[in-house]
Structure formats: structure tokens, C-alpha cells
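What follows is subunit A paired twice: with subunit B in the first complex and subunit C in the second.
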Partner chain A sequence: MSEKRVVDARGSFCPGPLMELIGWMKMAQVGDELELLSTDKGSVSDVPEWVKKVGHEFLGAREESGVWHLTVKKAK
Partner chain B sequence: MDANRLSIVVVSGSLERLQMAAMVASVGAVSGNEVSVFLSMNAMPYFVKGSDAPAPPEGPFGTLMAGKNVPAFRGLFENAVELGGAKLHPCSMAMDVMGIEREALEPYLGEPLGLTKFLHETRGTQVWTF
Partner chain C sequence: MKILIIGGGMGGTILANNLARRLSTELKSGKAKITMLTASEKHMYQPGLLYLAFGRVTPDELYKDQATLLEPGVTLVVDPAEEFLLDQNRVKTKGGKTFDYDVLAIATGSRPVPELIPGLAENSETFYTEETAVKMFRALHAFQGGRVVIAVGVPHKCPMAPLEITFMLHDYFKDRGILDKVQLHYTYPIGRVHSLENVAKWAAPEFERQGITYETLFNVKEIDGKAKVVKSEEGTETPYDMLISIPAHRGMEVIEKNKLGAGGWIPTNRSKLNMEGRNNVFVLGDTTNIPISKAGSTAHFEAEALGENIAAMVKIGSPVREYDGKVFCFIEAGKDRATYAMFDYLNPPDPKPPTKAVHWFKMAYNKLYWSSARGLL
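Up next is the complex of A and B:
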């Protein structure tokens, strides 16, 4: 059964949030969703780029009072 | 040229250069590139087992960075190895000069290499120097 996990990388600078996400992605199962919380604006372009490059699925980005919520699904 | 292979030579002991080298190594390695790092000269002492000495900034940006929650360069190099399969090679000449053996270095470092072998193994790759 797929799970959804929140990865809180608020306050960390590039490439901290991406590395945190990847660490959790490695441990996740195919089909799991991870929501990355980041205050690093670069994550908004870097995370989808990484997802595309390695072949996972990017489900979307939204901003809430200075925090970016980036949702990714483990596809393989 | 094999654009998916990155060779990174790190000889500086300054915070900015170690940080940028670690960023290129970690992001490069987790994005599907084969990454090989050659550590020598002033960069070497930071990878002696148990070393937690901070790297001195070489300019105002380094000073600014030191007060922020920027991911530590040692941790990023470790991410490069553990999450992206990068190889971090200590330079055998630098080890000789420092009088240290492989066991004295952090376990996430790979095999010591001489320059001749590193140059041979990284022929035709992107080369980054810090």
C-alpha cells in the first residue's frame, strides 16, 4: 500500500532540500508520495528537474506563506 | 566527450571552493552522472578521520555562508558517495607528504589514486577544478 510522507527541509539551503528528498526517496516504495517542504526557492526548479532526469513523477508545487510544498511520486 | 562523466579535482582548503566542489559532486552524482573526485593538497586534511575543523572563508561570501544553515561540505561529499555512487579518491602523493595511510582517512573515501591513474581514468570527461 502506498504511503505519503512529509520531508521537512525548511531552513536548509541548496542542495540540502534535494539531498533530504533523495535520501527519503531511496527508502520509499514504488508508488509512495513524498511532500518536500522547502524555504529554498531554488528547490522549485531544481526538484522537478531532478525528478525528470531520474524518471520519477512530479505531482506539483504550491507555496504557502514562504514555504514551498513539492510533491513527488516514486515511479521506479 | 562523455558528458555524463564528471571529474572533480579539489586542491583548495577554502570554504567556498570546498562547498562548490561538494555541491557539484553531490548534485551531479544524484542526477545520473558518474562522478569521480580527486582530493589533494589543502583539501586533504578535512578528510582525515574525525576531522571537524571548519574551512576558513576566502572572501565575504564564505563569511556570510558560515552563519547560515548551508549543508556542510563533508556531508554533501558523503551524499555524493552514498546517494549517487560517486568515488572520492585521495591523492596518494598528498597522503605520502602528510605521512598518512588509507585507514587514517574517512571511510566514505575510495581507493587512493596517483595522478597518472586519475588522468587515465578520466580521459574524455568533463573536468571541474576547485
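Up next is the complex of A and C:
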């Protein structure tokens, strides 16, 4: 059964939001959704870029009070 | 108040000593008691493994007896925790002992897991344990030239290690007079050469100046040891003659077995450092799921904040400060130059050009570490 996990990477300079997401994606099962919280605006471009390159599914991004919520589905 | 610390690494040791000093009166009167459970009677200076891989230190220089590092008020028990009964404020050990607590601090650390990537353990060199660092030294010593690839797993302990090992390899081969026969190729999981943007802006031109090639958005998927090729999740591949691995890490198995956190990482409040949902259980060092560097300095600064807070809980009934995410990392930029990165939750680092002075400070810190662990520095 697929799960949804929030990866809170607000204020993370190192390892940073994308590295945090990659680490948790490796532990996730196919079909799981991960919602990444990031205060780095760069995540809006670098997360979809990586997701597309690897072949996972990018479900969308929204911004709330300076925090970006980026949702990704593990596809393989 | 019974304070139980699980783990005798840097975080647990600094916390124990910090508390013993702050609570010396309470320890004498019996109002407080500090007990540490650890898996080994030896304490390793883990950053020294990087130098062991180059033959610049020997294994015996990395260890001291844990008992000699602790303040007299700390009771040391060499018997690792096996069962966490958090609802009963109780921990059971592998040896069958039971310890009750009022406050629990978990600092069990992390471990490399190269076995999660097919072919990685048997086809790469690494330096995250004494055994593998010595093996890597022998392989480097015998190496006469070819393509050396650095492959990086996520997450990993010491975020500066990928850069440091690459720059140190460059100078090692240069000193041996075979640099013209070696092609160093660095790979990294995200779209720049380091997670810290300012560090990446410094390191990429350094690579180019030194003739080190690099490839980003490269997450290791598997190693074909027969063809000597590293394959990435992104669908690319790169050949190697020698593969140097920064393996992915996980938290300790005992954390996963007790269902305290997926991957062995315990959900932890980033400011208060308490385990989510528990007011008397604290977590520090690599064991947390906080999105900051898994590094000794992180454990050090967290231990100082926790020492102040737990001592205050004994004295006035509540914690007094928050952890601000402070991290300080040296960055070796070769055999004799270094810089550093210091940052917290709000302020990014601004690394300066490497100098010999910072390198020699790092060399001094390799010895001063023992004072740091004792809580004197």
C-alpha cells in the first residue's frame, strides 16, 4: 500500500532540499508520494529537473508563506 | 533524576561530560545520575579515517579508551541498547540488563550501507571504517594509473568528504609523480558539485584548474564490476579503473528494529531536539532526521545545547535554549591547504579561499579532538 511522507527540508543548506528528497526517495516504495518542504526557491526548478531525468513523477508545486511544497511520486 | 545516554560517540560523550560538569553538585548529592550505554570500550576519532586511507596516520592513533574520556560522575556500561520501552521509560541491553530513566538521550549514530547498491561493496574502495580505509590505502599504494571515479551515495556522513577525498587524491598522485597517468572523475547526486551553493561555486573552478573532470545529477544505481562501469539512476554511465565510494548511510539497526524511525533516523524537533511526541526523549548527532549535515560538529553543537537544557530540567524544571542548526566543517583542499564552512538554519556559509593556516589548524584539531570529546574545547 502506497504512503505519503512529508520531507521537511526548510532551512537546509547542507545537505539541502534535493539531497534530502533523494535520500528519502531511495527508501520509498513505488507509488509512494513525497511532499518536500523547502525555503530554497531553487528547489522549484532543480527538483522537477531531477525527477524528470530519473523518471519519477512530479505532481506539482505551491508556495505558502515562503515555504515551497513540492510533491513527487516514486514511479520506478 | 536518572539521565540515560545511549551511544558513546562524539555526541553522547560530549553530552555526558557537559552534564557531569553542570550537575556536579547534584551528582554528589544523588539528585542526579548519568549513565552511558555504549557498544564499544574504544572511542574512534572518525574523521581520522580520511588520513588513514592515505597512510598519513595509523589505526592506533584513532582510538582511546572510552572510560578515559568521561568525567568521573558518568557511569559507563559497555553493553549496547537492544530494546527501547519508551512508554515505560526503560531500556533493555543486549546483555540482558534493564535501565530505567527520567530523561533519555539517543546518540547511536549512523553506518555505511554499500550493500544497498548492487556491486558497490565488492568493486569500490572507501574509508568509512578502519578495515576499508586500510584496504583503500593498499589499493592506492599499488595503483599505477588509470581513471579514478568518485561516486557519492545519499545521505552520507561528512558532506565535505567527497570534495576532500578528491582534492587529496589529486595531491597524492601528484606527489607520487603519476598524476599525468591518472584521470580523476568526480560525480555528485545533484546539479552542482556540492550541496552548499557557495562551496560548489568555489570547488568547480578548483576542479577545472586541477584537471579534475566532473559530472552532476549522478546517483549511483549499480556497478558492473566485469565491465568496470558505474551506472546511474539518471540513465548515464561512466567507466573506471579504480572506484572510490562515499557510500550511502542509514541509522543504526537497533533504531529501525524498535520502530523509532524509518531508515534508522528518529523524527526529531529541530530546535528542541526532543523525539517527536516525547518530552523526555532527546536525539542528537547522525541519529536525528533533521535536514542538516551528518557531521561531528553537528553532534557537538547539539550536545552543548542539550547539556544546557537537560541540566536546566534538573535544576529549574524546564529547558532554557534552542539549537540553532549550527554546523562547522573543515574542508581539506589538498594535502596542505584547507578552508571551512560554518552555517546555521538561517545563515548560509561563505567559504574563503583555502590556506595552509587552516590546514594546520585542522591537523591540530585532529589531536585537540580528545579535549573536545572531554568537553574541554
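The rule is simple: the second predicted complex is superposed on the first by the 74 of 76 C-alpha atoms of A that agree within 3 Å, B and C clash if a C-alpha of one lies under 4 Å from a C-alpha of the other, contacts with A are read in each partner's own complex, and residues count from 1 in each chain.
As a convention for this text, a residue touches a chain if its C-beta (ideal position, glycine included) is under 8 Å from a C-beta of that chain, and two chains touch if they have at least 3 such contacts.
Quantities reported herein were computed from a predicted structural model and do not represent experimental measurements.
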item	value
Which superposed partner A:Pro48 touches (first subunit B, second subunit C, both, neither)	neither
First (subunit B), second (subunit C), both or neither touched by A:Met27	second
Contact breadth on subunit A, by residue count: subunit C or subunit B	C
Which superposed partner A:Phe13 touches (first subunit B, second subunit C, both, neither)	both
Footprint overlap on subunit A, comparing subunit B with subunit C	11-16, 18-19, 22-23, 26, 46, 50, 53-54
Subunit A residues within the subunit C interface of the complex	7-20, 22-24, 26-27, 42, 46, 49-50, 53-55
Touch list for subunit B against partner subunit A, complex	23, 26-27, 30-32, 68-71, 76, 79, 83
Of all residues in subunit C, those that touch subunit A in their complex	116, 154-155, 159, 189-191, 195-197, 217, 219, 233-235, 248, 262-263, 270, 291-293, 325, 327, 341, 343, 345-346, 348-349
For the subunit A and subunit B complex, residues of the former touching the latter	11-16, 18-19, 22-23, 26, 46, 50, 53-54
